[in-house]
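Below, subunit A partners subunit B and then partners subunit C, in two separate complexes.
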Partner chain A sequence: MQATLTIKLARVAIVIATFALWELLSRTGLANPRLLPSASDTLATLGDLLQRSSVRTDLLVTATEVLTAFALAVPMGALIGFLIAENRYFADVAKPLLFFAFSIPKSIFLPMFILVFGVGFAQKVGFGFFSTIFIVIMSTTTAVESVKAEHLTVARSYGATRAQTAFRVYLPSMLPVLLEALRISMIFNLTGVILAEMYASRDGIGHQIATWGENFQMKQLLAGVVMVAAIAMTFNELIRWVETRCSHWRT
Partner chain B sequence: MSAKTLRHLIVVGLLVLWELLPRAGLIPELFLPSLSSTLLAGWNEAAEYGHALAVTLYEVAVSMAFACGGGILLGAIVGSLPRPRLLIMPMVSSLYAVPLVILYPVFTVWLGIGSESKIAFASIYGFLPTMLATAAGIQTIDPQLLLAARSMGATLSQRLVRVIIPAAIPTVLSGLRIGGALVIVGVVVSEMLISSAGIGYLISRYRTILDSPHVFAGVLLVLFMAIAFNTAIRWVERKAAIWQTGTRAGQGAADEVGSGTMQPAT
Partner chain C sequence: MQPLANVTPLKPPPRAGAIEVRNVGQVFRTRSQDVVALEDVSLDIKPGRFVVLVGPSGCGKSTLLMMMAGLRAQTSGTITINGAPIAQPDPNRVGVVFQEASLFPWLTAEDNVEFPLALRGVAKAERRAKAQDALKLVGLEGFGKRHPHELSGGMKQRVSIARGLVQDPPVLLMDEPFAALDEQTRMTMGDELLRIWAATGKTVVFVTHSLTEAVYLADEVIVMSPRPGRIVDQLQVNLPRPRTYEMLSGDAFGALRDRIWRHIRKSA
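Moving on to the complex of A and B:
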């Protein structure tokens, strides 16, 4: 207990030290304050930005795009992954193809989405979907494979119904893997949507960040970076916390 | 029909569809130009693409040296000392969640729109996975090997050269594979966003004037680059497999790196 507390304190210290170094570099003029505004200025700007309705609209737009893409990609990817994993022949045929599709960079297909969907909502959702679905398929396949054959045999020989097998055997063994899959696919999804917004867009937080960068508004730019990073990390930690909660189901 | 022939049939079928559907007018040429017109577009502008490829390859090579050199060095330090590992690893995997693309505008402000900003961005993009993989690889070396070496009186340098490095090579290589692929992505993406040279720039420029065949030719070129790199590292991996002395945990870590649970988004 003592050790974990020390480690936690040390981690907080590292974060504080990073911010302090940032503040110092800018204050002492070692780094040009116009290129690197101090940490306190940036955080103050962040507070200002959150008050602005335009920034809030941008955040809302991005959140809608991310959630829509997520809501489309996860069930569909899970379904495809499940079908592939349950059928040996399908798995033999499709797995190498999927591995290949998974290993090629998705970002370079972004221009295609603009050619097809334009620069609106559909393009962001489409690209977010595209960058997420492969990882969901792959993780679902892994999750299904993590269900132990003995457990299934036992359930079947005790005469479990289909629903019982699904809820009592499949779900508990798959849940930890699936939660991790959710966390990772959210990272992919967010990156995809923000990249699409930065590349060509009229609204969204990614577009806003790109614009600040082009206009040399360093304070706003850094505040935006801190904001997106904080949101992404918070979501990540949240799911990880649920993951540790569910880990006693891991078999 | 065996799975393999069916798979080959699917690939061939997709290629044929790519040629036929746009020709038959079922998909507009703007959305998907046919395979032949894409290849023709690439062939006709071969000099321009070749020049862009040279710029991109130069940026990839420099960033790869930074990302992999730094990643392996830091990963080795973090992996071999238990304290920094406990301290830093959770923080690093938390950093993983941040979409790194948002850092690119910062680099363009600091370093301009030339090669420097691409190199800086791509190095950071490929750094984390290489570092994590190396740390995992070092961490999972069979302790018995080290014990045996020490009890036979091996010096530190001998242990490093004869035990630690060979045992860590497989994991490090799979880290390199992913890190290197990300470096390629990082360079091309940053060229697509803001730049004045390189393949990503060509893709973006042709996209702006809605010249799909040329866009697709550029995309194909990047794809070939990524696949060629991947194949090359896999070949080295197979050659290095004789050093595979790690524990099963080490193999697990290598698989985890390879399977994408540790792969950041592209």
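Moving on to the complex of A and C:
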């Protein structure tokens, strides 16, 4: 989507206004400053926190867990999704079941992950994986279905091999949907891992945020929120940027 | 993948572009009954002819075309092109032009035209040169860098025709290629196709629903009827070429169209 300058300026204005309102509410005492520290204080705290080696370690731990879960869930989910979509029988059998599974809130399984894996790396990666894989499977089946039968017939009529059909027709047809899927999967994945960290963990940024909350350290808590939000938005925008690069693929 | 030597045959084989359809039948088995889609269809198409298949929906004309393209297997009978049976797609003998939306939207016009050559590993420079020639032939010189969504419906079909011609096959099969175009564009594209056909000397088999289009384009119109799909008439169209818009209102044109219409009314 091509935004004009005025639209962009309006967006920036809203962000600035939000921070200004936040600052104002806290400074004037309209909101209890103990519950809502001012924006400037929060950002200053954020700067301090990022200097601390313990916080950096936490961020690194969370990043490792998130990326591991993502690296496992995306290819595996894509493969399962592809196999399901390519086989009429599997698709008919499995699709409603997947929809059922997808509708269940994943968080209710978290205690089971702790019982099975104990508290640690495996539990958080496992839960991140579990939170992500269903959306990957479902998106991949959608992506496969977005491949047009006409395009496959064209490839066949010009004698394309299976590998050529996969790389020259399936992949480019599916790419826009897959990128969108990647973006949404990451949201689910990040939510899963951080939830697992907040629920039971010894390290990770989710654990830190939970601890700050329990100890009523509002500045740190809000700084943590801003930090995680910024990381999530950066990743999201990165994939959106790639998406716009191949926007003409969509018809 | 085909060996590279097959890309440009040094000499065209004898009977290049001849199509023989012998006693072809097609039966679809469903749970309750067998549906006869085609019954004992035989046809002889001489090289360089422009043959149009018409008939109501379900008469099997597109099915027959897909069999000639090697994209579908018949239950019985044989189809030969250049004197050899066609069991699977053979882009050296047959180029296929489909209905709208068969271009790959992620490729530019010239990359779409090069697609058949890219599949066989033809070198980039040769590919580009052939694609430029094909685009020039269909009147799209200078449009190679555009993506399909930047082209009109008529231009997209020109690109499809260029793609069908890029390997210089003796036969061009066209499955309702202008069905999605508006009336004026359709007429223009008909004239363009006749010009390209005259310039290349290909055998063309063209499927359409439009009787006017059929008579306007064809040397010969094959009329088919459904349940079971079979040939009910073969008309020689002896109108002079080049065909002109004025012929549409002539008596000879009207008589041919009426004759086809009577067959179709009977079977519909």
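Just so it is clear, the second predicted complex is superposed on the first by the 247 of 251 C-alpha atoms of A that agree within 3 Å, B and C clash if a C-alpha of one lies under 4 Å from a C-alpha of the other, contacts with A are read in each partner's own complex, and residues count from 1 in each chain.
The rule is simple: a contact is a pair of C-beta atoms (placed from the backbone, for glycine too) under 8 Å apart; a residue touches a chain by one contact, two chains touch by 3 or more.
Everything quoted here is computed from the prediction, not taken from an experiment.
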Side-by-side fit of subunit B and subunit C on subunit A, or clash: fit
Which superposed partner A:52 touches (first subunit B, second subunit C, both, neither): neither
Subunit A residues touched by each partner, larger count belonging to subunit B or subunit C: B
First (subunit B), second (subunit C), both or neither touched by A:245: neither
Partner chain(s) touched by A:218 [first = subunit B, second = subunit C, both, neither]: first
First, second, both or neither for A:172, with subunit B first and subunit C second: second
Partner chain(s) touched by A:156 [first = subunit B, second = subunit C, both, neither]: second
Partner chain(s) touched by A:229 [first = subunit B, second = subunit C, both, neither]: first
Contacts of A:148 with subunit B and subunit C, given as first, second, both or neither: second
First (subunit B), second (subunit C), both or neither touched by A:202: neither
Which superposed partner A:116 touches (first subunit B, second subunit C, both, neither): first
Where subunit B and subunit C come nearest after superposition, their Cα distance in Å: 14
Subunit A - residues contacting subunit C, complex: 148, 150-151, 153-161, 164, 168-169, 172-173, 175, 246, 248-251
Of subunit C, residues touching subunit A in the complex: 1-2, 69-71, 89-91, 94, 96, 98-99, 101-102, 104-106, 115-116, 118-120, 147-149
Subunit A residues within the subunit B interface of the complex: 7, 10-11, 14, 35, 89, 92-94, 96-97, 102-112, 114-116, 131, 135, 138-139, 142, 180, 183-184, 187-192, 194-195, 198-199, 206, 209-210, 212-214, 216, 218, 221-222, 224-225, 228-229, 232-233, 235-237
Touching residues (chain side subunit B, partner subunit A) in the complex: 3-4, 6-7, 10-11, 30-32, 86-87, 90-91, 94-106, 108-110, 181, 184-185, 188-189, 192-194, 200, 203-204, 207, 210, 212, 215-216, 219, 222-223, 226-227, 230, 259-261, 264-266
